[in-house]
Amino acid sequence: MQRNLATATRMSTAILVVFGFISLTSCGEPAVELSPKQRQAQFVQNYAKNPIVKPRLAFVTNGIADFWVIAQRGAEQAAIDTGATVTVHMPAEGIADQKRILEDLLAQNINAIAVSAIDPANQLDVLDQVATRTLLVTHDSDAPASARLAYVGLDNYDAGRAAGKLVKAALPNGGEIAIFVGRMEQDNARRRRQGLMDEIFDRSRDENRVEDPNQSLTIGKFTVLNTLTDQFDRAKAKANVEDMISANPNLGCVVGLFTYNPVLALEALRSGGKIGQIKVVGFDEAPETLAGIRDGSVQGTVVQDPYNYGYRSMQLLNAVCLGKPDALPKGGFIDIPAVTVTKDNVDAFEADLKKKLAGNKAAANAGNQTGNQAGNQAGNLAK
Amino acid sequence: MKKSIGIAIILLAIVIATAILSPNFLSAYNLENLLRRTALFGILSIGVGFVILTAGIDLSIGGVVCLAGILTPYLLTQMGWTPTETIGAILLMSLAIGILQGSLVAYGRIQPFLVTLCGLLIFRGVARGITMDQTQGFQGKFAGIRWIGNGRIPLPGVDGFAIPAPVLSLVIIAVLAMVFLNRTVWGRWMKAVGRSPNAARYSGVPVARLQILAYTICSLLAGFGGLLFVCDVGSAQPSDFGNFYELYAIAAAVLGGYRLSGGEGSVVGVVIGAAVMQVLRNAIVLVPWLPDTAEFAVIGLVILIGVLSDELLRRFAASRARTQAKGV
Amino acid sequence: MTVAPPILQCRGLGKRFAGVHALRGVDLDIRSGEVVAVVGANGAGKSTLMKILAGVLPQDSGEVLLAGNPIRFAGVRDAVRAGIALVHQELHLADNVDVAGNIFLGREPHRFGFLDRQAMHSQAREWMSRVGLELSPSTDVSTLSIGHRQMVEIAKALSLRAKVLILDEPTSSLSMGETTRLLALIRALAEQGVAVVYITHRLNEVLLCADRAVVLRDGARVAEFSREQLTRERLVHAMVGTIHEQHARGDRESRSGSTTRLLVRDLKTQAHPEATIDFSIRRGEIVGLAGLVGSGRTEILQSIFGIDKRIAGEVVLDGRLVASNDPAAAAQRGIAMVPEDRQRDGLMLEDSVRLNASIIRISRESVFGFIRGGLERAGVARMVGLMRIHPATPERPVGLFSGGNQQKVVLAKWLSTEPSVLLLDEPSRGVDVGARAEIHSLIRQASDRGAAVLCAISDTEELLLLCDRIIVMRMGRIEGEMDVAEATEESITRLAIVGSVEFAA
């Protein structure tokens, strides 16, 4: 190292010193070129030897939504149960904002990060940068090509198939289906849509099959129309449903892939007087969607378990930091399966949801004691 | 009125083309949707038109729409206010925002671009802070107040088609705006401020007060627009409600014949400009072979063509006027 | 004077715009070493003629002869190559380049592809000394006065080896001192053999420096006077057709008995905070502010009206204070302001005569803030007729009117409100002789109705013609005050330049 310093220019000296410092403080061993995957393995080994008693963990979402508030409660509960310090971060402006948050977390020398990848294929460099610096797992939306240790979430393809079953139940004689989503760049959107279409068309799983969202596709008695995106603009989301109804008088069922999509589909159907005439299948558990299931305007919804995304990912990262590599799942996948909510089980589901939120009041108080930022936020929310 | 003919022709052309390409375009249901959206965006555009008329700009519209949009359900459901109190509070808040921004521009001599850009960030930030980033919705209640955004006014003897309620607001606002601009001293002076702030000052026109008035009208209409938007959509998310709406409003005003250098524009043109934007977005969904991904590109292109043809027409008219002037 | 062969000749030049004759069969000879003044009212065709000579416009008929040979310029570059340079009314200098750079713009001396700054500066100094410009060649043009910029333009033209120099209203924005210097330069250049064509409104200057004057009216050449024949009356007569400008002084009654209307007390302006201004104006009195450019005349007018903030002092109108820095309040009180730069500050050029002329009156006539359209149109029509605004088309954009008619619109805007105080800054700048007489008559009518009039005017001759009393300013101070009966051009100029201290010449 000394010899290197002597021969290097001033600029590269400074860089080397910084790098050397980071590697010394983070792993205590001299810097050697390691791949992100090797670095992850090294972190796990190091923690096994020198456990961190009260690790600092971060939970990063892909945006701001009520859905993530429930995940936040799960993450906070994990903080209380394990004694780790947990912060929750919600990027407001998409992928660039998420990158900024991740970089800021690295700058704080955070011990581990769980992140929902907004655009896995194009975020590899950012995710690998994270993986060389700290423990990384993905949740909700996976990035299989990255060096992440594990993925905590549901198989969105399976969730899509579950929604497909609801569509088939809604339209036993077939018909036209329109899909609405915030943005197609997200892996979960792609997989849900693919699973949905494969189920509707009675096809088996094929990882290489990709349907063009701009094309309509008819197989057998079902037609899946082109998929419209709204970039999270609610007025646009509603307008999209209205325009599809205008364009396709025979529309039989609309499927909303993101939380707010079925809600705005209901708004559009209501103002157009099409409730009941056009079926709605949704994802997630917005209050309006659940109310729609109860009054029959929504066929059913496929819900994730965001609470456990938060809880299980934080629990896993805490275990690794405490030096328990056995907590890592075989195959790198912790399955948090989707649940189908229909008229039959909607009441039971809502009761459970309330219970989870109520249980968190304690978390909010505990959060204040541990000085944990997310807990403070939850405390304010609970008021 | 004469100035609006160009944009009216563009609207007509797009309507005819879309009607030919999509049989469902002229359905009563679709026309209702278009009228409602045009009314909602048109109100914002009429507002920004006042500011543009004085050679200013208001980028804070999206922020005001967001703040009004989330506060309406928030005040009703979380704070338990009555609809009257809520509407009053929203309008008062918008009024205050306009006076504040206008004063910073007129008396503080800060560039309007800067003042309102900061406003845009601040208002959205405040909205997110008040709600802790939680989506605010009406929770299936308050159908009464929501009528102004999503209601329908049936036409006697006509079945299957009704006038969307926001159109009523638009018509009232547009008529008031036209009367103000064309029939009142202040309206005349506001145009003068945009045409030549120096000449206005040297004529004893109270330039600063008129600028503040313009920003106040703009924010007031943005706040009212936000109220209508959330009544239509049913819920609002602080992080993205009203995103880019200031740009849609400005684009509609420019399409409608407003010049960013001030002094020129017509209310009718702005409403038609807003309609062009909405019909375009609608056409992209309705015409099967138009990819949805091309939406922004198509809108951008049409605005460019509109503004360009307007400019060419203007130059042609000006050169004709000049050659005629030589004859005198 | 020996008769040299004409270097440039025009034979029967004609030009039409949209079917209207701008020039009809104009003949003109220009000889080396001679100053030819081309005079005429606005729209007489002077500018068109010069543009054809300088290659800016092609002629429709007739021919241009250069040293006896017919020539047709394809563009400005052709004309420049032939030795003809036009110095425009609006100067065309690059603000961000120094004097030398402007003189050699586009043809800078260079060595091995690099700018040869030294050579450029030494050559520039030569040309600058020829026009009497005592400045460093590296002076930034943006710091120069308009007079100096004019000199730079002329130096640039000379450096292009110009044999014919065309000056289009060169003195319209110059102060008295600068004008004197420019006229001397023109004479000197003529003596060096340059042919100078001089376009102007100012008859004094023609009388002072022209060898010959050619008068255009309605696109035709109506008269030519040699130096010996030149008189003021003859020029005016040829330009206007009838003699408009009679000395209207005699029939004006004295205002010395009327009451004080406007009182300016202990005024300090931002431009000259060290000076204190005190004066008053009676009902119906016309007071002129004389002085060089920069002597603080404009600042006084703007402080009274409230465009500029007053540092100290007060303005009292009819016994009541006028608010500082609030033009709207001043206008409300009946103070009217006709600014110096009417295109920038006086008018909305793209708007019609009606919108411009009625902008203040509509608020006086309004009911609950609503404009009364019928009253407005009738009022404007009356003003257009009264002021003889030509053409009488109230809906035409005011930018398309001539300078004189534009100024009448600015006046109409205020006079239709019957102001108590009328402030005017160079009211007849860039206005032809006929319009000037009409503007004077309108100002007198306003004063006859009791208005106190204060006007800043650079032209001493005009001051004597229009005003009852003259206040002479110098370096921000009131240097002296005199009744028009005792004032002469000479006494005013002396006071403005050297002050009240006796100066042994």
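Chains here go by letter, A, B and C, matching the order in which they are written, and residues are numbered from 1 within each.
Note that contacts are C-beta pairs under 8 Å (C-beta built on N, C-alpha and C of every residue); 3 or more make two chains touch, one makes a residue touch a chain.
Everything numeric here is computed off the predicted structure, so don't read it as measured data.
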Chain contact topology (line, ring, star, complete or other): line
Most distant chain from chain C, judged by the mean position of its C-alpha atoms: A
Distance between chain centroids, defined by C-alpha means - chain A, chain C (Å): 74
Centroid spacing, where centroids are CA-atom means, of chain A and chain B in whole angstrom: 36
Geometric centre distance via CA averages, chain C-chain B, whole Å: 46
Residue ranges of chain B in contact with chain A within the complex: 22, 24-25, 27, 29-30, 33, 37, 40, 128, 132-135, 137, 139-140, 150, 152, 229, 232-241, 243-244, 281-282, 285-286, 288, 291-293
Touching residues (chain side chain C, partner chain B) in the complex: 17-20, 22, 305, 307, 327-328, 330-332, 337, 339, 344-351, 355, 359-360, 362-363, 366, 369-371, 373, 390-391, 397, 400, 413
Parts of chain A lying in touch with chain B, wherever the complex brings them together: 63-66, 69, 90, 92-93, 214, 216, 226, 228-229, 232-236, 238-240, 242-249, 260, 263-264, 267, 271-272, 287-288, 291, 377, 380-381
Residue ranges of chain B touching chain C (in the complex, touch as defined): 183-186, 188-189, 191-192, 195-196, 198-206, 209, 263-264, 321-328
